[in-house]
Amino acid sequence: MPSNPLQTLLTQTPEEGYALAVKLAQKSVEITQPNEEVRQVLRPTYSNNADSLISVSQVIAIHFQTVAAANNYWQTWTPYYYQ
Amino acid sequence: MPSNPLQTLLTQTPEEGYALAVKLAQKSVEITQPNEEVRQVLRPTYSNNADSLISVSQVIAIHFQTVAAANNYWQTWTPYYYQ
Amino acid sequence: MPSNPLQTLLTQTPEEGYALAVKLAQKSVEITQPNEEVRQVLRPTYSNNADSLISVSQVIAIHFQTVAAANNYWQTWTPYYYQ
Amino acid sequence: MPSNPLQTLLTQTPEEGYALAVKLAQKSVEITQPNEEVRQVLRPTYSNNADSLISVSQVIAIHFQTVAAANNYWQTWTPYYYQ
Amino acid sequence: MPSNPLQTLLTQTPEEGYALAVKLAQKSVEITQPNEEVRQVLRPTYSNNADSLISVSQVIAIHFQTVAAANNYWQTWTPYYYQ
Amino acid sequence: MPSNPLQTLLTQTPEEGYALAVKLAQKSVEITQPNEEVRQVLRPTYSNNADSLISVSQVIAIHFQTVAAANNYWQTWTPYYYQ
């Protein structure tokens, strides 16, 4: 269903990682409701509803956690006990 | 109940890992409601409801987190402190 | 309350681990509502309701994450930086 | 508020760890609603409601994840790359 | 907004860690609804509602997971493969 | 959409990390509902509703978990088995 298969979770920056998390959230909606017309009809239902928006945010937050960990949190610190 | 027992969480790509996460989400619905006819009746209820679709997405997101970690996030970076 | 105390989180396969996750989800319902008759009455309420089934799936997904991690995700890969 | 302060997350068995997770879930209800009489009034509301029971299960599942990790998942396997 | 900035996630005991998790949960409510009078009005709404109490518990459970991990789960075991 | 792209998850203190978690939660709402006027209309709906505030808290809690882990929980303990 999704036009672009998911090749990697690695991104250059947290910003790109966040965009990937958004895509990962959309992907499951596309799989569960493959009919794009139905999805278009549903869109205003949740994008204009505060609680739905919060729920979408939660799904994105879980995916961002996954993407961030996959990227080792894009971090550059060295744990001092290895120094 | 599920026709294919779950042998491994390892997949070649994130795309396949995502598909596995979807299967893992469906599996628990099949276990909790083994009657396929009932599930068929319920399907339009959630696939045409924005909030239900978001909830399904959340379950998939949790499973994808598990699958991604099991696959070491399909990553190829080397933590530099081991180099 | 539960007839079989929980001895270990280790299982031979992901399939068995998934079954354990389902048991872990049921266990808390048994503890919170120890009366089996009440639970039997409630069962059709959620097993025939799409949103309840999705919520049950979410609880199983969280437990499966725990069980999978406890089993080191049943994995056989070797992190190459240890080779 | 809680009569027994939380000294440790370590338990001998997963069964005891699960019991601790249940206590951890109850503890936050006691903190948010310190009045025991009110809690007694509310109890039948959720213990006889399928969706509330599922929500309680979810909180326990999250705490069990924490307790299980704190106990290193009570596991005895040796990662073979250390052998 | 919060009077005491968050300096550390480290606590001496799990009991103190739990108290910190409660504070972390309250903190986001204070940020999202800075008006203390409004918060006081809302308080009985959720402290006398079983499902709201369960939802609050869930937020605390997630924060406790974070705090517990930050404190290395306050644990004293030695993984035997390092001995 | 967001004016400031997300450059890093690293912060000096847990307080700043918490502020970042709040931003991460807002960011997904901005992406899902890019129309700022609509968001302004929706704001009182959730900021004056106890359950919505709790849901927002949950999203922030998940992001704070991510940020805290990215910052290695801002911790200074040394695992004694490395000493």
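Just so it is clear, A, B, C, D, E and F label the chains in written order, and each chain counts residues from 1 on its own.
We take it that a contact is a pair of C-beta atoms (placed from the backbone, for glycine too) under 8 Å apart; a residue touches a chain by one contact, two chains touch by 3 or more.
The structure displayed is predicted, hence computed values, not measured ones.
**Student:** Distance between subunit C and subunit F based on Cα centroids, please, to the nearest Å.
**Tutor:** Centre-to-centre distance between subunit C and subunit F: 29 Å.
**Student:** Based only on mean CA positions, could you tell me how far subunit B sits from subunit D in angstrom?
**Tutor:** That gives a centre separation of 25 Å.
**Student:** If I count partner chains per residue in subunit E, which residues reach a count of at least 2?
**Tutor:** Those would be 46, 49, 51, 55-56, 58, 62, 65, 69, 79.
**Student:** With chains as vertices joined when they touch, what's the shape: line, ring, star, complete or other?
**Tutor:** Topology of touching chains reads as a ring, each chain with two neighbours.
**Student:** Head round the ring from subunit A, going the subunit B way, and note every chain as it comes up.
**Tutor:** Order round the ring from subunit A, first step to subunit B: A, B, C, D, E, F.
**Student:** Write out the stretch or stretches of subunit D touching subunit C in their complex.
**Tutor:** Subunit D residues touching subunit C: 13-15, 17-18, 22, 46-51, 53-58, 60-62, 64-65, 68-69, 73-77, 79, 81.
**Student:** Along subunit E, where are the residues that touch subunit F in the complex?
**Tutor:** Residues of subunit E touching subunit F: 5-10, 24-25, 27-29, 31-33, 38, 42-43, 45-46, 49, 51-52, 55-56, 58-59, 62-63, 65-66, 69-72, 78-79, 82.
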